[in-house]
Structure formats: C-alpha cells, structure tokens
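Okay, so chain A shows up in both of these, paired with chain B first and chain C after.
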Partner chain A sequence: MRTNLSLLLLLAILMALVPSVLQGGYFVNVAIVVCIYVVLAASLDLVMGWTGMYSFAHAAFLGVGAYTAAILGRDLGTSFWINLPAGTLVAGLFGLLLGLPSLRAQGHFLAIMTIAFQTVVYLILAQWTDFTGGQYGISIDPIEGFGSLSAYFYLVLGVTVVALIVIRLLTGSRFGDALRAVRDDETLARTIGMNTNAIKLIAFAISSSLAGAAGVLSAYHIRGVTPDDYTVMTSASIVTMVVLGGRGRFWGPILGAALLVLLPELLSGLADYKHIFFGALLIAVIIVAPQGLAGTLAQRRAK
Partner chain B sequence: MLECRNVDAGYGKVQILHGLDFVVPTGGLSAILGSNGSGKSTAMKTVAGLVKPTSGEILLDGHRIDELGAHSMAAEGLSLVPQGKEVLAGLSVEENILVGAYHRRKDRHGVAEDLEMVYQEFPRLRTRRKAAAGLLSGGERQMLSLGRALMARPRMLLLDEPSAALAPKVVGEISDIIRKLRGRGLTMLLVEQNVSMALELADEIHILREGRFAYSRKNGPDVDIEELREFYLGKGRS
Partner chain C sequence: MTAPIVETEALTKAFQGMVALDAFDFSVGQGEIVGLIGPNGSGKSTVVNLLTGVLAPTAGRIRVDGRDVTGAPAHEIARLGVARTFQMIRLFSSLTVEENVVLALQQQSGAGYVSSFLQSREARERRLAARAEARETLKLFEMDIHAEKLATDLSIGQQRMVELARGLATRPRLFILDEPAAGLSPVNVDRLITMIRRMRDEFGVTVLLVEHVMRVVQSVCDRVVVLDYGEKIADGAPNVVVEDPKVIEAYIGLGRAADA
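Entry: the complex of A and B
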C-alpha cells in the first residue's frame, strides 16, 4: 500500500511539471482530460473490478455531477467550492438509485439495467429543456482565482490525487475485502456475516459520487455542459479503460485511462474513429489478456 | 442447541420443505441424509438464513434466528461450511481465512490467535497461505472452508456435504477433523449423501425425502443398515 501511494505522489509531482515543461495550452488540456478520466476509470473499477458488477452508466453520473454544478451556478449563483461537493453528493444519491437493481439482478441483466439507467439520464438531460437547457446545455463561468489553464490544472490534479488516495485506502481496508468477497461469491460473503446488500449500495454510491466530482471538474474545464458528452458511448469508453488497464487493481484503471486518452491524441487520424478503435480493443483485450495490462504485468512478475 | 420447529420453506410458490422438525443438542452431531432433490440443500440454506421459512421457527440456544438473515448468523455463533468447497478465488489463502472473522473487527488479538490455531490444525494451509485460493486442490479448499468457518468462533457449525467430490483418503482426513472439532464441544449439523460418513460421525440420523423426514433414529450399533439403505434409496415406506 505504501509503495503504491508513494509512487502515486511521485507521478503527481511529475504531472505537475507539465505546464512548465511542455509549453502551450494543448498539453495542459490533455493532462486535465487524462486526470478526469483517471478519476472516472478508477471509480468505475470500485464497482466493476472490485465488486464484480458491470456498469454502463458511469457517464450518467459524470453528467449528474456536471449538471448539478451548472444548474446550481445558474439558479443560485453558487461557487465552484459549493458546486464540487454538491455535484459529488447528488451523483452519489443517483448511484444509490442505480444500486437498487443490483440487489436483485446480476451479471448481464444488471449490465442491461445500467444501460437503461444511462439512457434515461441522458434523455432527461436532453429533453427537460426548461431545467437543463436541452441540447444547448448551460454555460459555466470560470472559477475565481483559477482562471488560467495551468492554475485549473493544478486544482484538477489535486482532486485526482485525493480521489485516488480515497480509493486506495478503501480497497485496502476491511471494506475492500468485503467488495472482493461479494465479487467472488456473494452467498458465501453473506454467510460470513457481510451485509452484501449494504456493501453493494455503498460501492455504487461511492463510485458514482467520485464520477460526479469528475463531472464537476470537466464541466468547469469545458466551461459548460451539453447532454451529448454524457452518453452510453462515454460510459463504454470508461469500461474499456478499466478492462484494458486491468480490473480490480490500483494501477489498472489509471493506466487504461491514460493510454486511451493519449492514444487518439498521438495518432490524430484516429480521433474520428475512436469508438470503433475502442470497441475492437475491448474485444481484443478480453480475448488475449482478460486481466488487462496491469494484471498481465503482475502475472509475468509472479512467474 | 439448534431447534427446528415445524419448518416449511421453499422458493416462491414452490414448497420444498414440509414440517421439518428436529433438535441438535449442544455438543451433538446430527446428520441429514438424502439423495439429489430431496431438499437437503434447502434445509441447510434455511438453517443458515439464506432461505426464509414460510412457517415454523428456528432457534439457536433458545433464541429465534429464522428472521435474522444470513449476514447476522455469524454474530449469532452459527457458521456455514458451504457445499462445493467454495472459496473466494481472487483472494489469497490467508485472506480467505481472515475474512471468516469479518464480524470480529474489534478482537484483533483473538483473531491472530485463531489464525494460528487454524494453521496448526491445517498445516497445509500455512505453507500455501500466500497462494490464490482458486489454485487449491479440492481437499485443500475443504480445509480452507473449515478454517474460515472456525475463524468466526462458532458455537454451531453447518457442514454442507463436506465429502462431495473428494478422494476417499481426503474424506477420511475431513472426518478426522470433524471428530476433533466435536471433541471440543462444537454442535454440528451435517448434510451428506455419504451414508458411511454419517454413520461414522453422527449421533442421530435423519433421512430426507421429498422435503420430509422419512427416517429419524439415534445412531448406534443397532441401526439396521439395510433398512437405512432402503429409506435412503427410496424403496422403503415414506
């Protein structure tokens, strides 16, 4: 656990050098997007990798967080420092709601229900024009004192590190054992004395609240929200990041998110075909290396 | 002491158990025998709280447990060793054992002591403690399941077909362990298909057929094995 956290801090320090070493706004923008997707992938992994529940609704929580910030800012004039915890909290409550079907359904059936949930959230964002601004969305003012891109990047990096530390501490605790027990054998977990219903609901709530925080960060980055950023395609991309990086491992989703944000940037011709590429990659990884990159590396080392 | 009083149970509208009524006295070992589909597993799940009885009551040491739900059973002193030697395949052997003490979070000292006790009882688990539990053999998994159940410091142990799919030599080892645990005063309910194992270990034998006890006797030298076989195989009167 210690090595993981020290390595994380080292990486964060290296990341912090991006604005001064790589001149120009482009790199800082990419670094912000990497951070946001790292939070998304790592938080989805709590539910997917650690607890074994596939969710294709993570972008819905991203959207709930983003829209909470945008609507509060528009209607009540609240600042980022209120909107961030508010977006986190509201997304967590929606997460509890999605957690409810997980108490009855498992595997593919649960995955299908998460797609339905994702679709409903998208439709509300797109159709409830009076409240959400419909397809035009809502614009967001920059945060006072964080108007410059590099200042905002440091803020995002800070939140990312905090989110990752929270995830690391949770998964390394008794609660982490309970998550893995639910994943490996839910009935057995119950007979050991674990309240598996409560454990699954808490996993969904924490996972989606972190996605909500990522949503607030991304909304302030883009300085606005529009429903098309929060579709099932985004959800599927996050799933691909987790699977590619390696499920149920601290570094897995971090690696997967960084790679899948950077690759389309490096191969700029790829950007238009991103989702085709992601889909093919997802299938390939599941066939060739179901443990993902981190899992395969760990297995190599163990041999 | 475990008491099942006139318990009916099933899934949805399908009733599996009809008026199950038996007592396992403190320190005793009762066996429920039955072939596939007789309701054995449902009986075990009902006692373990995984299936709720539709009527009747279940008491452990005079205290109702049938309305609590499976996750409260460990704290009540009842531990299940599930069928199929189920282990948490993604966790290490030691993590699997420790997870058995999940509800004893404040008792660190006691948990460390009990871990040592489990390792002394099952030396093979100590040598493999870092290995992923999914890599263990059938016999080792059964030992791991028993070790994990003991970590809860139970007063009562439910053993769901501990001999299933094991080599005869390993079945002998498991029987020895069960006998040893009995010597320590643990109350046990054994559900089995293996008649000779039940005859060897139990004080009382019940045969379950179509969700009802077709046969219930004290075990002893006067048990007529032919009669027992007939009930078990379904030729006798029910």
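Entry: the complex of A and C
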C-alpha cells in the first residue's frame, strides 16, 4: 500500500513537470485529458473490477457532474469551488439510482440496464432544451485565478491525486474486502453477515460521484458542456480502459486510461477511427489477456 | 432440553404452488447436535435456506434465541450468530484461506468501515487480532499450513475444513452444516465426525447437521429429525428413528411399513 502511494506521488511530481518541460499548450491539454480519464477509469473500476458489476453508464455521471456545474454557474452564478463538490454530490445521488437495479439484476442484465440508464441521461441532456441548452449546451467561464492552462492543469492534477488516494484507501480497507466478497460470491457474503445491498449501493454512489468530479473538471477545461460528450461511446471507452489496464488493480485503470488517451494522439491517423480501434482492442484484450496489462504483469512476476 | 437456539412454528415454503416444506415445527436446543435427514427433495435444503434467511418463508415463524427473525435478511440472521456451510462448498475464490476466515471474523468483530478507511490504529489492531484468531482456528482443522494459499487451490476435503473453520472462528450460536460429508473420502469423514464433536464439546457450538451419510448422523447426533415430502415424519434419538417404519418406508418405499 505504501509503495503504491509513494509511486503515485512520484508520478504526480513527474506529471507536474509537463508544462515546464514540454512547451506549448498541446501537451498540457493532453495531460489534463489523461488526468480526467484516469479518474474516470479508476472510479469505474470500483464497481466493475472490484465489485464485478459491469456498467456502461459512467459517461452519464461524467455528464451529470458537468451539467450540474454548468447549470449552477448559469442560474446561481456559483463558483468552481461550490460546483465541484455539488457536481460530485449530484452524480453520487444519480449513482445510487443506478445502484437500485443492481440489487435485483446481475451480469449481462445489469449491463443492459446501465446502457438504458446512460441513454436516458443522454436524451435528457440533449432534449430538455430549456434546462440543459439542448445540443448547444451551456458555456462556462474560466475559474478566477486558474485562467492559465498550466494553473488549471495543476488543479486537475491535484484533484486526480486526491481521488486516487481515496480509491486506494477504500480498496485497501474493509470496504475493499467487501467489494471483492460481493464479486466472488454474493450469497456467501450475505451468509457471513455482510449487507451486500448496502455495499453495492455505496459502491455505485462513490464510483459515480468521482466520475461527477471528473465531469466538473472536464467541463471547466473545455469551458462548456454539450450532450455529445456524454454518450455510450464515451462509457464504452472508459470500460475499454479498465479492461485493457486490468480490472480490480490499482494501476490497471490508470495505465489503461493513459494509454488510450495517448495512443490516438501519437498516431494522429487513428483519431478518426478511435472507436473502431477501441472496440477491436477490447475484443483482443479479453481473448489474449483477460486480466489486462497490470494483471498479466503481476502474473508474470508471480511466476 | 434447554432453551432453544432456533425454533420454527408451522414453517411453510411453497415455490409457485409446489409445497417444499409444510407446517414444519422443530427446534434445536442449546448445545445439541441435531441431524436433519430425508430422501432427496424432501425439503432439507429448503429448511437450511429458510433458517439462514436465504429464502423467505411463505408462512410460519422462525425464532433465533427467542427473537422473531421471520423474513429477516440473511446478513441480519448471520449477525445473530447463525453460521453455515454449503452443500456445494462456497469460499471466496480470490482470497487466501486465511483471508476467507478473517473476512467472516471481521463481520462480527471488525473495526468500523470508516475507521478502517482511515487506517486507524484500532482498525489495524483488530485486523491483526482477527488474523491471529483465524490462524488459531485453522490450526484446529490442520489447515494452518495452507493459510497463504488461494482457497480454490485446495482439495475438496481441505476446502470443507476451511468452511468449518470459517464458521467456527465466529463462535456461532448455531452452526448449520449442509451435507458436510458430501464428496469426502472415508478418512476425511472420520475427521469430520471428530471435528463436529469437538466443536460442540470444546466450543459449546450448537450444530444442525443436514446429512445423507448415515454413519455421520448416527455417530454424532443427539437427536434426528426426518423429513419426507416437506413434512416431518420422525423426531427422536438416532437409533430409534432409523427403526421407525415410516422412516424406512420413506427411504426404501415398497410399502414395507404397511406390513410391519
């Protein structure tokens, strides 16, 4: 546990050098996007890898967080420092809502319900024009004092590190044990005295609230929200990141998110076919290395 | 018989009209080892699942330690001190043998989730205590040498012992064993018999034993309850019950009881 956290801080310090070493806004922008997807993938892994519940609705929570910030800013004029916790909280509440079907359905059936949930949220964002601005979305003013790109990057990096530490502590605690227990054998977990319903709901709430925080960060980064950023395609990309990196492992989703954000940037020809590539990659990983990169590495080392 | 640990009153379970258990009255007293037997499909597993809250009854009442727990969720009944093993062994496959036992122990005596999240000293101490306790119990079952292995890497006989250790570690008020001898070699059956006796004699654990293997039932049970087609047909000392014509008929059929 200690080594993981030290390694994380070291990595964060290296990341913090990006604006000064790599000149130009482009690299900082990419670094911000990497951070946001790291939070998304790591938080999705709480329900997907640790608890074994596949969710294709993570981008919906990203959207709920982002729109909460945008709507609060527009209607009440609140600042980022209120919008960030608000977006986190509201996304967490929506997460509880998605958690409810998980008490009844499992596996593929639950996954299908999450797709339905994702679709409903997208349709509300896109169609409820009076409230959400429809396809035009809502614009967001930059944060006072964080107007420069590199200053904002440090803010995002800070939130990312905090989110990852929270996830590390959660999974290393009794709560993490409980998540694994639910994943391995829910009936047995209940029989030894675990309130598995509460555990699943809380897992969904925490996972979604972190996605909501990522949503607020991304909304301030692109200075606005539009519904098409929060589709099932985005959700599927996050799932791919977790599977590629390795489910239920601290470094898995971090690795997966970094790779899948950077690859289309490095191979610029790939950007247009990103989703096709992600789809093919997902299939390939599931066949060749179902434990993902981190899982396969860990197994190698164990041998 | 002393005050009952568990008691049922007209307990009934129907699956869409198919009555699996019909007005079942029964009780297990403190410190007893009670056997529950019956042919396949007689409702034994239904009884276990009702008592542990895995299934909710259609009618009737269940009391644990005098407290009405009818329809209570499984985790609440477990917290009242009802532990069980499963006919098809259940262990957490991604955890080691020791972690499996520790996890069960932590449900009873673990630190709170928040204090565990904050890695408080109390949480760490309780975890260490649970590990020590788990080792101790595993040793009793001669499974301490496998403590670091993944539970699923053990043989069936060993896994069965780990299941028993998991239950015993929590010092249950009532320990329900669902066909613990299934799939065990004769040597392991002997070991099982010894361990069931020791659990009661040394740890004061009350045992409800659901079993097909009559050798186990006859050698450890104080009392045997027989189910047939969801109804109780006998309740008494093992040697008396096996002579009961109704029991013989249930097992062998052929209307022998009518001639007897």
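To be clear about the criterion, the second predicted complex is superposed on the first by the 303 of 303 C-alpha atoms of A that agree within 3 Å, B and C clash if a C-alpha of one lies under 4 Å from a C-alpha of the other, contacts with A are read in each partner's own complex, and residues count from 1 in each chain.
Here is the rule we go by: a residue touches a chain if its C-beta (ideal position, glycine included) is under 8 Å from a C-beta of that chain, and two chains touch if they have at least 3 such contacts.
Please read all numbers here as calculations on a predicted model, not as lab measurements.
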item: Side-by-side fit of chain B and chain C on chain A, or clash; value: clash
item: Partner chain(s) touched by A:D184 [first = chain B, second = chain C, both, neither]; value: both
item: Larger contact residue set on chain A - chain B or chain C; value: C
item: Which of chain B and chain C A:N195 touches, first, second, both or neither; value: both
item: Chain B versus chain C as contact partner of A:L170, first or second or both or neither; value: second
item: Touched partner set for A:G77, first chain B, second chain C, both or neither; value: neither
item: Shared chain A contacts, counted only where both chain B and chain C touch the same residue; value: 174, 177-178, 180-181, 183-185, 187-196
item: In the complex, chain A residues that touch chain B; value: 174, 177-178, 180-181, 183-185, 187-196, 248
item: Chain C contact footprint on chain A (complex, rising order); value: 169-170, 172-175, 177-178, 180-181, 183-185, 187-197
item: Interface residues, chain C side, partner chain A - complex; value: 52-54, 73-75, 78-79, 83-84, 86, 90-95, 99, 103-104, 106-108, 110-111, 113, 116-119, 123, 166, 170
item: Partner chain A, residues of chain B touching it in the complex; value: 48-50, 69-75, 79-80, 82, 86-91, 95, 98-100, 102-103, 105, 148, 152
